[in-house]
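Below, chain A partners chain B and then partners chain C, in two separate complexes.
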Partner chain A sequence: MAKVVPRPQLSFWESIYFVEIFKGLATTLGHAKKNLLSPDNFPTLNYPEEAPRLPQDYRARHRLMKRPDGTPRCVACFMCSTSCPARCINIVAEESPDRHIEKRPVRFEIDLLLCVFCGYCVEACPCDAIRMDTRLGVMSGDNRRDFVIDKAKLMDWDPKDYPLTDVQSQKAPGGSLHQQALEEFRSGTYH
Partner chain B sequence: MADLITINVDGKDVQVPAKIQLIEALRTYARTETPAFCYHQDLKVAGNCRICLVEVDGPRGFALAISCHMQTAPGMKVRTQVSSEKIVKLRKGVMEFLLVNHPLDCPICDKAGECTLQEHYMGQGRHESRLDDATGKQYKGGADYRFIDAKGQDRGGKMIDLGPTIVLDQERCIICTRCVRFMDDVAKSPQLDIAGRGDHAYITTFPGEPLDHAYDLNTTDICPVGALTAKHFRFQQRAWLLKSVESIDPSDALGANLVIEYNNGRVWRLMPRRNPEVNKSWIANSTRMLYQDLARNRLTDGKLNGADTTLASALASALAALKAGKRVALVASGHLTSEDNAALLALCASLPGQSEVFGGSWLPVGKSDGIARSGDPVANRKGVALLGIPDNLDALAGRAKEFDVLVVVGHDLWGAAAAKAAALESIPTRIVLSSWVDASVAKATIAIGIRAWAEVRGSMVNINGRVQLLQACPVVPNAELEPAWKVLAQLSAAGKPFSWSSEIDGWKAIQARVPQLASLSYRSIGPSGAIIPLAPLPAAAGV
Partner chain C sequence: MTFKPLPASVTPEIDLGDSFVTTTVDAVVNWGRRNSLWPFPFGTACCAIEFMGVVSSMFDISRFGAELVRFSPRQADLLIIAGTVTYKQAPVLRRIYEQMCEPRWVISAGACATSGGFYDCYCTVPGIDEIIPVDIYIAGCPPRPEAFLEAIVQLQNKIDRESMKEQRTVGV
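Coming up: the complex of A and B.
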């Protein structure tokens, strides 16, 4: 059903145009004055020399979480690719040699050019295997193939880039909790 | 139709046949969704899952009864979950018992999406489990649950290799015994049984014995949970991602009904489709594996004297050969649809006085196994006979010297009987239309690729005289491949050409030739097929 959008009713001073123009100029000049007086808070970034300040929950490029032994947490359940509205996740599953894991991805690819960065894959994942917290908001490549990132690239991240409060990242190889997690993993008490 | 009786379901009178299972009456006639795990239409009733409980009026008032084990009787009064809170509560309780030791591994379970337990859990259970490690939940997947028996057989736990085709997960099993009943009563080879008691019971084979029946993959279909999974489909795709078309078994004259499931340009599996008058719910393992051939060893282009060429140039060469040919032998095939064979007859008619149609097969005919195979490997033998094509391949071999062009359509003559087919090699131009690079293609001077059975629409007549439809799955190895009838229509340019726009024209050509089929259409044949009327229906006068 079509939605009817009411047209704004303009007052006399708005409809003669010139008053509004000068109001707008006053706003612009106000910002110019503020930036000139306090250059430290200048909102424009010297990109790429200066990295953008991304918020904590910014949905950036994906990463695959790792178990303490370095294998992906992913069990190839296809929940992410099923929920993906852009159909950019391509998974090929295989039997895992570990009977308790049972299933694992032999291929896990995300086409970043198709991805709409909605975060549904992160929501859908039943085992916290996929996250979008890499803060990699800018991606570059020479051809389309470069934007299809595979399992190796998705798992290529360093626990040191993540806060110590991010327990799951710290349990991965190289993380501050790794040794302890690895022992738990080997003894079968790891969760 | 059997006698109808009246039963009362949730206060409403419903007309149902007498002496059918109450669950069938509820599902089919009263339109009341009734869950069941152990009940299966084509198996004997066991009545062990208890989820189909309803209240039935008896001498002592309404009492609980399992609807799968009760037959309809006149005046029966039934309360289901629609009118009875008690049933809702009971089903929830039964569900809780079934889920006591069931793992929550739906994300990696291949059955998810087509799992009866999952379906009914979402429908009516939806409770938090009251069992955990402390209160005695058995994680049968745990390492301590697994053991090797005296015969070296893996017992207990997950991922148990049951045989060449099936993997068992005992943790997911709800002991409905459908698989046991299938092997006992349908396959008549009791290879599976329950061992242990109570909640330690598990499905297993006899010590040291594998599960290796020619129909054992049907147990994976009827398994209401993901306990039995097929090795060939394990972890390949999720059930909900698959699209499907309905077709029939092209490798046997019974024409077992099946579903082709595909996505992403690949056929992933063939599943049986229930047809109580043909194959019930079963298909043979060999039929099920036919999907592998759809992507294997295909003739996707043309061949000229064994060298690869394009379809167009192979077709042009064939056309030139037919134009130059003085005597053309056309060989019909029982492996193709009736429409394709009608096209061959039309091609014969377009080359009058010059061509002759031969039919039949050199493949040996076996015995029926009484389940879903008749033993006759020529799927459309009856359909070819119905079109009036004689069974005279041997005569063709004897008269090979008379002909200078041979056209073989979808029929591996050399593969079936190389010794008999050797006589045909005296025919100088041998045109073979085939879906696969087979022995006949190797002997052909001109070979043209055609679509395989899964990729065409058409009809076949099974051994019992039932016309059944094949629907086309859009997965084709080469998009330029055409169905056999289309290639034959193009070849008819050598004489008086005929042109069909679709298979429907082929069906009309069949109807013109076979008056018994005049009353049938693709729509009236439908997914379950139609028995050929013995005689054409008399023209309705004055209606």
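Coming up: the complex of A and C.
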């Protein structure tokens, strides 16, 4: 049984449409007047001058976390590249000089044109070595090679760009907690 | 993208050499071309939804003079491929590109169009630069609206560096 939708009963002034057209125009002009009189509340984001307001957990370009001595935290376990649905992570491992760590990446490349920014690599990483909280969401260029970012570029980030509550970022070299992190590292309480 | 000089009969400006007139014509023409891009959105997937956001008032692509979206390739000079391109659709895309008049530019938006993304399968083109030349790539899945605006700005800078003496040809 189909539902019967009753037709709206229009009054005389509605049925000639003429008045309704001007009511619609009044709404449009009202918005135009509101925007002209208060340009501060203008909804448009003036992008090149005004940065986009991205939340801290927005999945943007990747970065590699660092140990207090500046080496990458990655142990080249290939969990991220295995879980990557687009297979955009390319890792070349080598033996680590630290006898407590088995491997380290000699090359760590991410093809941003292949990446679908799903965050599975961050989920898969067992030692919180890769993160996507750089908030660098704008990536465009005219050369494919520029989009393959290597280990040096992935580790080129400043602890000052991250909140103080993000202790893991602040413990990297140059962070505000660097000295404290070094002491923790020497005394063995660092994790 | 390859550049090939045209014979002098096609572009009479070549006869003038590097004179004052030619360079000024280049500057004026490039100024007009870069500030009045007419995009043709080849939207096949979710990147096209993001492109709608770019055209709308929140990001407002008309601040860069590219708001007049045309759905006929004859009237457009900027082809924006936003979405997955399958092998069945590749001839369509190629034909649309060939129907566009010179000068024409191509923006490849998102992971699917630029590299196939995670569609590593028998039916998806692994990057549309297999079939047509691409000027600007945008990474993201889908890219942010700001990335579209950034690509427009980069394309405008690229148009500024071009000259009427050169004809852009499809690499054959």
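The rule is short, and it goes like this: the second predicted complex is superposed on the first by the 148 of 191 C-alpha atoms of A that agree within 3 Å, B and C clash if a C-alpha of one lies under 4 Å from a C-alpha of the other, contacts with A are read in each partner's own complex, and residues count from 1 in each chain.
Criterion: a contact is a pair of C-beta atoms (placed from the backbone, for glycine too) under 8 Å apart; a residue touches a chain by one contact, two chains touch by 3 or more.
The shown structure was predicted, so the numbers you read here are calculated from the model rather than taken from an experiment.
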After lining up the shared chain so the two structures overlap, which partner does A:44 touch, if you call chain B first and chain C second: first, second, both or neither?
-> second
If you count the residues of chain A that each partner touches, which comes out higher, chain B or chain C?
-> C
Name the contact category of A:153: first (chain B only), second (chain C only), both, or neither.
-> neither
Could you tell me if A:94 is touching chain B, chain C, both of them or neither one (first, second, both, neither)?
-> first
Look at A:135 in the shared chain and tell me whether it touches chain B only, chain C only, both, or neither; answer first, second, both or neither.
-> neither
Can you list the residues of chain A that meet both chain B and chain C?
-> none
Listed in rising order, the residues of chain B that touch chain A in the complex are 105, 107-108, 141, 143, 157-159, 234-236, 238, 240-241
Chain A residues touching chain B - in the complex, by the definition given at the top | 75-79, 82, 93-95, 99-100, 102-103, 126-127, 188
If you look only at chain C, which of its residues touch chain A in the complex?
-> 57-60, 63, 111, 114-118, 120, 127, 129, 135-141, 143-147, 149-151, 153-154, 158
Going by the contact rule at the top, pick out the chain A residues touching chain C in the complex.
-> 43-48, 52, 85-87, 111-118, 137-144, 147
